[in-house]
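First chain written, first letter: the chains are A, B and C, and each begins at residue 1.
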Amino acid sequence: MRFVVRRLSMFLFTLWAAMTLNFFIPRFMPGNPLQALEARTRAKLSPAALESILSSFGYKPNAGLVPQYFTYLKDMVTGQWGQSIGLSLGQPVRDIVFQSLPWTLGLIGLTTVIAFLLGNVAGIVAGWRRGGTLDSWLPSTLVVTANLPYYWIGMLLILVFATTLNWLPADFNYDPSILPGFSPGFIGSVAQHAVLPAFTLLITSIGGWILTMRNNMITTVAEDYVRMARAKGLSDRKIMFNYAARNAMLPNISGFAMSLGFVLSGSVLVEYVFNYPGLGYQLLNAVDNNDYPLMQVLFMLYTVSVLVALLAADFFMAWLDPRAREKG
Amino acid sequence: MSTQTPPDALLDVRDLRIVYDSPRGPVEACSGVNLTVRPGEFVGIVGESGCGKSTLLFGIAQLHSAPARIAGGEVLFRGKDLVTLPPKELNDLRWRNLAVVMQSAMNALNPVRTIGDQFKDAILAHEKWTEERIRERSAEVLRLVAIDSVHLGSYPHQLSGGMRQRAMIAMALLFTPDLIVMDEPTSALDVVAQRSLMVQIKELQQELGFAVVFVTHDMSLVSHFSDRLLVMYAGQVVEFGPTRKVFDTPSHPYSKSLLEAFPSIRGPKVPLTGIPGDPPNLANPPAGCRFHPRCPVAQDVCKTDVPDLYTLGASADVLSRCLAHRPNDPIDISLATEVTAS
Amino acid sequence: MKFASLVKNRKALIGLILFGITVLVALFPGLFASSQPNVIGTYAPKLGFSTAHLLGTTSYGQDIYTQLVFGARQVLVIALAAGAFATVLSVLIGITAAYMGGLVDEFLSLITNVVLILPTFPLMIILARYAGTSNWVMIIVLVATGWSYGANQMRAQALSLRNRDFLEAARVRGERRAYIILFEMMPTMTSLIVANFLGSALYSVLAASGLQFIGLGNTSQDSWGTMLYWANSAEALQSGVAMWIIAPGLAIAVLSAAFALMNYAFDEIGNPALRPVRRKDLRKARKAAAQSALDEEKGAADVYADAA
């Protein structure tokens, strides 16, 4: 129970810190939201309308900083996210977010999970068999592939598969001429458009998983309890999974949650390259157009998802590793 | 060369050579080790750190892993050579007839699984017992080592050091094997727990009749409990015989020096003599007798002639690797003065 | 000592060579290409490969190869500067937290973990957008988002060292705390610090190029990331100037690979269990074992032959 309380409080504290950061950055950086807004809307709206839009995300320059801050916190938490002042002027931020969220979750989320699972299994096997030909060049190759600029890889894939061979589409999440729905045509189109971006992410992220799991396995296999399992006469496969992998996996789980943060934030560029209308794509548009309400909400969402993933990983770890429960 | 293998030998290690493949070339950790164990016998193996005793133990149990490999010799267990036995047969033997107890139970037990689960693993690897029978047997072996069966549901880190060690011994007894090899099981415990564990092992041994090969650096501890004592130095056996004989009248200068390094509680106060120098580099061992650089009674001929393991005593039950016991042309060490280490 | 083992390691050697080449190019671009990479219209646009234009020209008539050569310096400067500062910061914070313990440790760890968790790229985008496009801003942004990972590592290692005997001996000798930290602890941690630096440099190369790619860097300056930015805006892929995208991306990949290989080599140096068990060594060993077995049999056969 103490464990749970500590984790939850850490979660809340970090969330608060992130939101506070989110609040202060626009205010302490050069540039005035009101001016930017005026420039953006080219005086199509009256100053009063502008001010009401701004105040909906907590920017009341005439009110004190402290009340602004608390209104902001309240609004964020209760889902009053205001309206966009960027490309889609006036559209509720909430709508924009909920439209883009599933695409990002689907593409990025699914790809990360697949990369994690595939990578870990490959890593387990690679770490278990040492000394083979695979082992001599695999780590170096993976070290290189895991650190390639994935936006460049994305563009290369576009070059080969879309521009040259014309097998797969290079843009968007589905063919705009098809009506969204559960029709096979639509689903097929979605799948088709997801292949290149997903593949880009998969290639670049799987290397890291294989490598860390392999290294963990190597360290674990040298442990006494693995030798003990051999002494007891257990089958190789049982030792590999129940004794070695089970322990080697532990550091990877919290690593997975951490990486979720990196992947989510990194996928911004993949969405940019492929014009895939997920959260990352929206973030870039928001930044380009000084769309403060949207920017703040998106940043908060990114933080929340990473924190939730970390929390889940912590609880999962505690379930898997009895020693973690006591550490609290 | 060695004593005749007793016809009822449970374990017969013949000329075992274990080599480590290091980047700088092969290093022989065990050079031609001979060892026999009779059923129900308690054999202690003592030596300094780095003399090769743990390597020997793991080599015998076929638990060594790269870069260590068996470069020669045989390990005859119940008549079968473990070195060349096909893996399936070897696995069958494991735990049923040959069990292992390691040094640190904290490291040797899987930290993420309960004691009961680990017992179950060992059982299910060999037999298809029912859950009920597994639980019964697990509780039974725990009782043998005076641990309450409620701990079947505990994790290793929840038990005390002594309890963990006893739990490991209990696990080794699941199938009442013929031979249990133990690698310094008491080194991680305090003296009181050490003695109580040793007493427990001895009692169990007498009750259940298994043989024990016990590796340790603590000669005085093991000598209270062992039937025969084997002293190792620089990867070789330097003395092997009944404990009382080896302990009371050591034949090899190294064993003698080891014993003299331990103070006696009774008797007059004598200045302690240690063994000068460092253990030799096994990648490039000394020529002739490996102990000669540190031997208090070494002579010139020791630097060139390589001693074999010679049989001694009226009952031919003691082996010693010293030129003093060479049948033709033995050297005389009784009057030798201290020679400085070369 | 460490340098020698680095050179012996094959991976590290490759990484070092690649890095060395990049440094040479960055320091003396004039040796590798003629000047004036950026002036629009110097050459005819969208030319293919030729001896005059090794990699062709851009849609704006600039020589791609020249741009690549002159772009190396900015990338390297940012990577090394950001890497160095981030490492210094992580070392300071990590070691202080570990050594001081107590409230100081709790406080510093809290800050480290919070910064660690924040989604870096969105944060960087927002910061870069607001703070402008100068190189120094880029470096500051990179350092601010990249120090936390290393700080945790430093703290962990410092903690494990803190109770070691040689430090206890220093304390008993009466050495001052600063002395202990600087002259006893840190030398033991050099591999970790160097590995950290390489990791931070790697991160900076990729992150900086990424930011430049979306236009948040200084777009008028020569750099590989900005080349990608301009290429993307001009739709290089579709308009047949693929090399404009391929070349700078490849350069970024090569430099990242260099840092990554050297970083991994340092990991291996620190943890010998990870070193590759080379096939040929195993084969040699097996041959030797087989040979000695053969010799034994032969010897036994000889004995029988003699006895017969």
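FYI, a residue touches a chain if its C-beta (ideal position, glycine included) is under 8 Å from a C-beta of that chain, and two chains touch if they have at least 3 such contacts.
Here the structure is a predicted model, which means the values were calculated and not measured.
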item: Chain occupying the middle, per Cα centroid; value: C
item: Most distant chain from subunit A, judged by the mean position of its C-alpha atoms; value: B
item: Chain pair with the higher count of C-beta pairs in contact (A-B, A-C); value: A-C
item: Inter-chain centre distance, subunit B versus subunit C - centres from mean C-alpha coordinates, in Å; value: 48
item: Chain centre separation in whole Å, for subunit C relative to subunit A (CA means); value: 23
item: Chain centre separation (subunit A, subunit B; CA means) in Å; value: 55
item: Per-residue overlap in subunit A, given as positions that touch at least 2 other chains; value: 130-131
item: Contacts with 2+ other chains: residues of subunit B; value: 66
item: Overlap residues in subunit C, where contacts from two or more other chains coincide; value: 277, 282
item: In the complex, subunit C residues that touch subunit A; value: 11, 110, 113-114, 116-123, 125-127, 129-132, 202, 206, 209-210, 213-214, 228, 232, 237-238, 242, 245-246, 249-250, 252-253, 256-257, 259-261, 264, 267, 271, 273-274, 276-279, 282
item: Subunit B residues touching subunit A - in the complex, by the definition given at the top; value: 58, 61, 63, 65-66, 91-96, 99-100, 102-104, 107-113, 121-122, 125-126, 155, 157
item: In the complex, subunit A residues that touch subunit B; value: 130-131, 223-225, 227-235, 238, 242-243, 246-247, 250, 320-323, 326
item: Subunit A to subunit C touching residues, read off their complex; value: 10, 13-14, 17-18, 21, 25-26, 29-31, 130-133, 135-136, 139-140, 143-144, 146-149, 151-152, 155-156, 158-159, 163, 215, 218-219, 222, 258, 261-262, 264-266, 268-269, 272, 283-284, 287, 295, 298-299, 302-303, 306-307, 310
